[in-house]
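The following pair of complexes shares a single chain, chain A, combined with chain B in the former and chain C in the latter.
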Partner chain A sequence: MRAQSNMMEYVLMTFFIVIVLIAIIFFLTFFQVFQAGGEQQKALFNRQLFIAKYFLASPLFAEENSVLDDARLTALSEGDGCEELKGILGIDWSAEITVLDDSRRITCTGFNYPDCNYWSYCLQNSIGDNIAGRHSARNQSIVLPVSVFRPAGERTDIGVLKVSVYPPR
Partner chain B sequence: MTNIYELFKMIFGIIASIFILYFLITYTAGYKDTQLASVRQSIVKSFITASENVYFSGIPFRFDEFRSQEFSYSLSTAASQPQVEFGSGKAPVRVPLFFIEGEELAMARNEVDLGWWKFYYVLAVPAVDIVFNLQDSSGESADAARDIASLFPDSDSPAVRMGLCSGPRVDMYTKDQFARLDRGALSSAPPCTASIGQDARLVIISSTCNPSQTARGVCVHPSAKLAYINGLSSAYNYKDSLDILALIIGGEGKDVFGSVKGGQLFEYKNSMMRKELLLAAKMMRIRAEILSSELEECNYFPLASGLEDLAGILADDDYYQKRASIQEYLSANDRISLGWDELVKAGCEK
Partner chain C sequence: MENLKAQTTMVLVILVIIIFTGLAVFLLSLSSTFNQDEYLNLYASNLLLAVLRADTGYSDADCRQVADLVACAYFVPTHRCDLTGPACGDIANATIAGHMERFDLIRKNFDYLFVVEPKDFISQTQIKIGNPDLDCDISDKGCASRQRFVVEEKIQKTAGRSVPFILNVRLILARRSSASRPPRQLV
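Entry: the complex of A and B
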């Protein structure tokens, strides 16, 4: 009877060792998964920053570093600019630039230029292919102050650049 | 009963120990591999972030994190999104990046300046010797050598040096010293027979370049705007010094499929630049039309016309492989530059 009880002790001890090992493995795995989640958030934020920096530094948008050119912005928002920008910056992002001039928001086109103050790229509002709608609860945006050069008026205005990136589907 | 119990203890102890040891060893080995891959991934990501910072800021940077871990990495341009590959890992590259693998890298931003537009790229090189062998004494050859040398980062640590090879002799210079060499020093020399380091890059500049002459390095024919690389019989038509740089940086090594890396990098450069330039040409043409109606004193027509022609040429994915298309490309760019310069002179553009 005593021997049987000793054997049970051994079995129990082994059982607890296995439980402790499994707990350690769970902890390490959970830690890695948690880290991966944090990395994904960081990657989304880095992508937003990358797109914002690209807008501010690329000669496609900026007359000189960090000064956006409203004629370039208008020309890019015409035609299939978004599709071509996606070829450079990837998919699932959007950008909006608004000049802060106290007037109501008017989207710039080739017809109303320069009497306008708003440009948007790759913004999707319709339901169906609606990236913004699908991920609106989870999308992330950053807003940065920018200078917008307006060659027609030979002045530089203050505006904001909003970049949104949508998590992978 | 006691004997049976002793036997049980022994057998149970052995089985339990083997099980636990096996389990721990397998798991820790796997965990170690995962952690190692994670450390490598973070070094490569840090390299890519550094390249983006250099791309956006234009401030040169010395990257030495590859020192902490010994592993091989390379640029893969096979997919539509270029990637840095390391072992089984991959990390996407979002800016035009050209590099030679090394533990310590000098990174700098350069540009292809078309006057009306600039194509920025980042170059990262370890300690490397770029050895020139000028086989004719034309001013064009000396200028080509200076142009190519000017693209490399000005760095003492890691040391980026320029060399002049003449037969069995090689003279080495810093980038600054090389830029100050007079025409006499950059005159015709016999073919290079010197043993240059394994990691050095040989650039032959000659008006008689051909595949058989290119037994080592890259051979550049400046007046014909042709370049050859050892291992490939075809000539590359180049339009700017970045085309030549891509061949030099990629080098004459071959990948697992037997493709010459210099050739791959040449394709990568042209595909990246074509994508951005096509968008820039279309955008600037529309911009010219918009501004011409607002700024009536400014003549945007020559610029818009040149940009339209350029966009037409760039619509062909393989334009850079066709000599006639390259001539049209250069001619369109000349017309755009003229139109742009006129607008700058008139105060319509900065």
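Entry: the complex of A and C
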């Protein structure tokens, strides 16, 4: 009986140690998943910052650093502008530029330029594209103040650049 | 002997729990969150540049852009940008406050302060637009507790008989500590 009692003690202790080891394994797995999520957020954020800096410094958009030219913005917002930009900046991102002039938003096209105040690039909201529907709740955005130079009126207005990045599918 | 064995087992169990807890604390301390300092510094810098470069709508050379208004407010605050309108000091205050209110809707809960002073010249004369509490000494406890983002730009103007003069414009941004909006004032 005593031998059996001793054996039971060892069995119980072993069982307990196994439980603790399984708990440690679960905890480490959870920690790795948590870390990976954090790294993904960081990578998305760095990508947003890179795209925003590109818009501010590239001669495709800017006359000088942080001063966007509305004629260049309008030219690139039409036709194959988005595809050209995807070739440079990759996929799954979008950018919007709005002039803060207290009037209603008017999207700039070749027909209404310069009487407009909004440009968008690679905005994923077409009916045929389900990405916005799937990811709109999870995309991240950063906003930056910008100057928009309007050669037609020879004036510089204050605006906002919003860059959004969609998580990978 | 059985009593000692039971006690040994209990000590072993407690030891395992302590090791497990220590491991958890160590791993959690290694986890890092990304900070947005680079983004917020870029935001502050762009905000200052965008506000200074913005056109005001006045054709007077001393009031065309916000930078001109700021210089006018410093040197000749009673100068009128048009025949019947307010003085450039008042327009500068209202224009900057208006722009900052728009950005407050976009990026909430940030206090701001614009400080205009001469560069490389010690002067008591300063213009402050915004929350004056932000212009505090870093050794001050209340100041150190709030993370501030400070950016500067230079404005070159001529004063008096075409004497070039450089003004330093500083923008200080800090996360708002309470829900109440700070008083905006021109000092």
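Here is the rule we go by: the second predicted complex is superposed on the first by the 168 of 169 C-alpha atoms of A that agree within 3 Å, B and C clash if a C-alpha of one lies under 4 Å from a C-alpha of the other, contacts with A are read in each partner's own complex, and residues count from 1 in each chain.
Convention: a residue touches a chain if its C-beta (ideal position, glycine included) is under 8 Å from a C-beta of that chain, and two chains touch if they have at least 3 such contacts.
It should be emphasised that the depicted structure is a prediction, and the values quoted were computed from it without experimental measurement.
Legend: residue contacts after superposition of the two complexes on their common chain; A:Ile17 is shown touching both chain B and chain C. By the document's definition of touching, neither partner reaches A:Pro168: not chain B, not chain C. Shared-chain residue A:Ala71: touches chain B; no touch with chain C. In the superposition on chain A, A:Phe34 makes contact with chain C only, while chain B stays out of contact range.
Judged by the document's definition of touching, chain A residues 6, 17, 28, 53, 56 lie at the interface with chain B and also at the interface with chain C.
Note for the complex: chain C touches chain A at residues 2, 5-6, 9, 12-13, 16-17, 20, 23-24, 27-28, 31-34, 36, 38-39, 42-43, 46-47, 49-51, 53-55, 65, 99, 102-103, 106-107. The residues of chain A lying in touch with chain C in their complex are 5-6, 9, 13, 16-17, 20, 23-24, 27-28, 31, 34-35, 38, 41-42, 45, 49, 52-53, 56, 66-67, 100, 142-147, 155-160.
Across the complex, chain B is touched by residues 3, 6-7, 10-11, 14, 17-18, 21, 25, 28, 32, 46, 50, 53-54, 56-57, 59-60, 63-64, 69, 71-72, 74-76, 78-79, 81, 84-85, 87-90, 110, 113-114, 151-152 of chain A. Across the complex, chain B meets chain A through its residues 1-2, 4-5, 8-9, 12, 16, 20, 23-24, 27, 31, 34, 49, 52, 55-56, 81, 94, 117-118, 120, 275-276, 278-280, 282-287, 289-291, 294-295, 350.
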